[in-house]
């Protein structure tokens, strides 16, 4: 009887502590963590064993891959640098689109934001004290399904044609070339939060809107999947992802320029975008340690392996 | 004559309906089992996600652990509150008006779409209360989602508990707390646990509320209440949405529904035992 | 001694109840608060009757008529498909099963209800959408119809369990007299149980509609998510999937963010209105 009541009360007690005093439970250093995002350099006294990334669905797999390697190699922070405590390394990655990355940094729900486009001026202003690291360059290819008969006729589209296709002025494949079947074009784009959406709008569409009934893919991976699975599909697939899925979708040249590493790096291929990790304020030493790996040779090797153009 | 035809049609209708439902159930499970079975092995259940892109190889242990933890937290949060609220309504509340108000509020709650709860959870728990995307924030959000579910069932169980026993208990002068803890809880324990486990299954499968409040694409097994987690439904969504791996997606779905099947069976067994004990 | 424990118990229970109710009320107020901010900037009428949704342009276009229509359209398609099957199965269950079998079939229905929406979406994507593309040769299988079919499977358990509960009661009530008169089971089902269950069926529809309109993940995966005017074989978007897709990028405090809350509010009000309509329909049905 007494036991029942005390168990009951204990549960309530634990629960209310957890709810209100949870900052005290955190092993790696209490309140310093909560203020860390607002006060620059306020992290000097507290060590956070976890780093969180949020943002672009293009960059997320890259960071995840580098993080997995990092964790496998070092396991605990003290192996990275002997001045760090012996805590397990925990790196968390979630994706919601480049827009979500900026939001996460602004709302301090994530340490780093991942963007697959340039940071806008208003965003820089809102963040106030941004630290941005460019990890690589990606490009948006105009890709179609390998079973699309267009691949046999042409391997190139002019910028005008691309614009018209995405704007919906061309609705059927035979409007591009009369030998193609009279089938509807299935245009796939990223939703509004995607970095690719804004990059494409700026570099290709200009003032014209993309057609209203284009399929909005919630992530770059979904966009690529859609083009791979639907033979009438056309979409602006990420260069890196096209490389990861060689043969499953065919990138077309734009204005005669092919999307290759050299063309992208030199700027000749116009529809390109930087892959950026951004943080508000100074980096703590452990965050710096991971970022160093991101921009190092090892990081670049993984970035290249996944098909993107590394910074080096 | 016409009557006979009508009757025949009617018969065909209801048999066809039943057959359709049976077929659908078998199809859903069969489809997932058939395609997912070959990817299930020890490495999948107990390993971490690997491969490029992440998830194409390796296992889903962090997601399984994450889902289990989330469910446990959601259940604790929801059941403590639901049990108390039910006790209050059934045994303490004197005015019918208050009871109606409470019922209306809870019904409103049940009508809120899970995605709106997720949005609320994000703004309140993650941003304002600074819990960060965490097990705790997601667990609480899920708990809020399943609270009406549990509360309704527990209240029903309390009301159906034999009132003669309870009245005699009060007549004998036994205190409220004693009556409740020793008698009512004991009588209703099967139903309470069954309701909680069913709700837990519901929480385990929900993806919408946890997207913003705690689920991430890549995380190790959660070490504290404040770390983000991987969860099975979210992982499934990512695997199929990003086209990472179809086989792994099937396998993840299989694990998820197997866990849910186990939970449901436990719940059913409990109901059976309740029937037996009251017969 | 016990008096003290009793007192503690009493207070704890009351506190916890208060706490849970406060949370619930708080949520509702919170949603209102965040939505009202939006309506100061954009008039309610424009919000629900305009057809363009483009929060990234400036000035922003924030109107969700198409999305409201999409939500309603797909839910109604689902109900139209699921209702006959659900009612039929309910009849079958209440008349032809009893005792142990009842519990088993209840269990199966519960299992169907317990399948998570992501899994449904997953299967819908691989089976329904693929079917449309491969067999029926649609350019793309994502459509309102696909969403409707998938949703109907998801709401079936709700319809079946609500209906069969009502029908069980009616059946039990009338079994005695019916057997005495020598009528067949089928006759009972057709002429007595079905007509008397109208109220139960309406309750089932309300429940199912609520579930259908609030469903996020499964619908999101098979409907294509384009905010255009919904047609049966074309893509569309529902309010829950709008919120799910865009909440990740809408900054807390921005107009976009409030717009999302406002659309959630609109959804909840729609549900409320439907509930009220059906309540009056229920009242209007006179049972013998």
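Letters A, B and C name the chains as they come in the text, with residue numbers starting at 1 for each one.
The rule is simple: a residue touches a chain if its C-beta (ideal position, glycine included) is under 8 Å from a C-beta of that chain, and two chains touch if they have at least 3 such contacts.
Computed from a predicted model, the values in this text were never measured in an experiment.
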Least step count from chain B to chain C, where 1 means the two chains touch: 1
Busiest interface, counted in C-beta pairs: B-C
Gap in Å, rounded to a whole number, between the CA centres of chain C and chain B: 17
Distance from chain B to chain A - Cα centre to Cα centre, in angstrom: 32
Of all residues in chain A, the ones touching two or more other chains: 5, 8, 12, 96, 107, 218
Of all residues in chain B, the ones touching two or more other chains: 80, 122, 127, 177-178, 211, 241
Chain C residues counted as touching two or more neighbouring chains: 5, 8-9, 12, 16, 248, 252
Touching residues (chain side chain C, partner chain A) in the complex: 5, 8-9, 12, 16, 54-56, 133, 139-140, 142, 220, 224-228, 234-235, 245-246, 248-252
Sites on chain B touched by chain C in the complex: 6-7, 10-11, 13-18, 20-21, 24-25, 28, 31-32, 80-82, 84-85, 87-89, 92, 102, 105-106, 108-109, 111-120, 122-124, 127, 144, 147, 175-178, 180, 198, 201-202, 204-208, 211-212, 233-234, 236-237, 240-241, 249, 253, 256-257, 260-261, 263-264, 267-268, 271-272, 275
Chain A residues within the chain B interface of the complex: 1, 4-5, 8, 11-12, 15, 18-19, 22, 25-27, 34, 50, 52, 57, 60-61, 64-65, 67-68, 71, 88, 90-96, 107-110, 218-222, 224-225, 228, 244, 305-306
Partner chain B, residues of chain C touching it in the complex: 2-3, 5-6, 8-10, 12-14, 16-17, 19-21, 23-25, 27-28, 30-31, 34, 84-89, 91-93, 103, 107-112, 114-119, 121-123, 125, 127, 153, 156, 160, 186-187, 189-190, 210, 213-217, 221, 240, 243-244, 247-248, 252, 260-261, 264, 267-268, 271-272, 275
Residue ranges of chain B touching chain A (in the complex, touch as defined): 48-50, 52-54, 76-77, 80, 122, 126-127, 130-133, 136, 140, 177-178, 181-182, 211, 215-220, 223-228, 238, 241-244
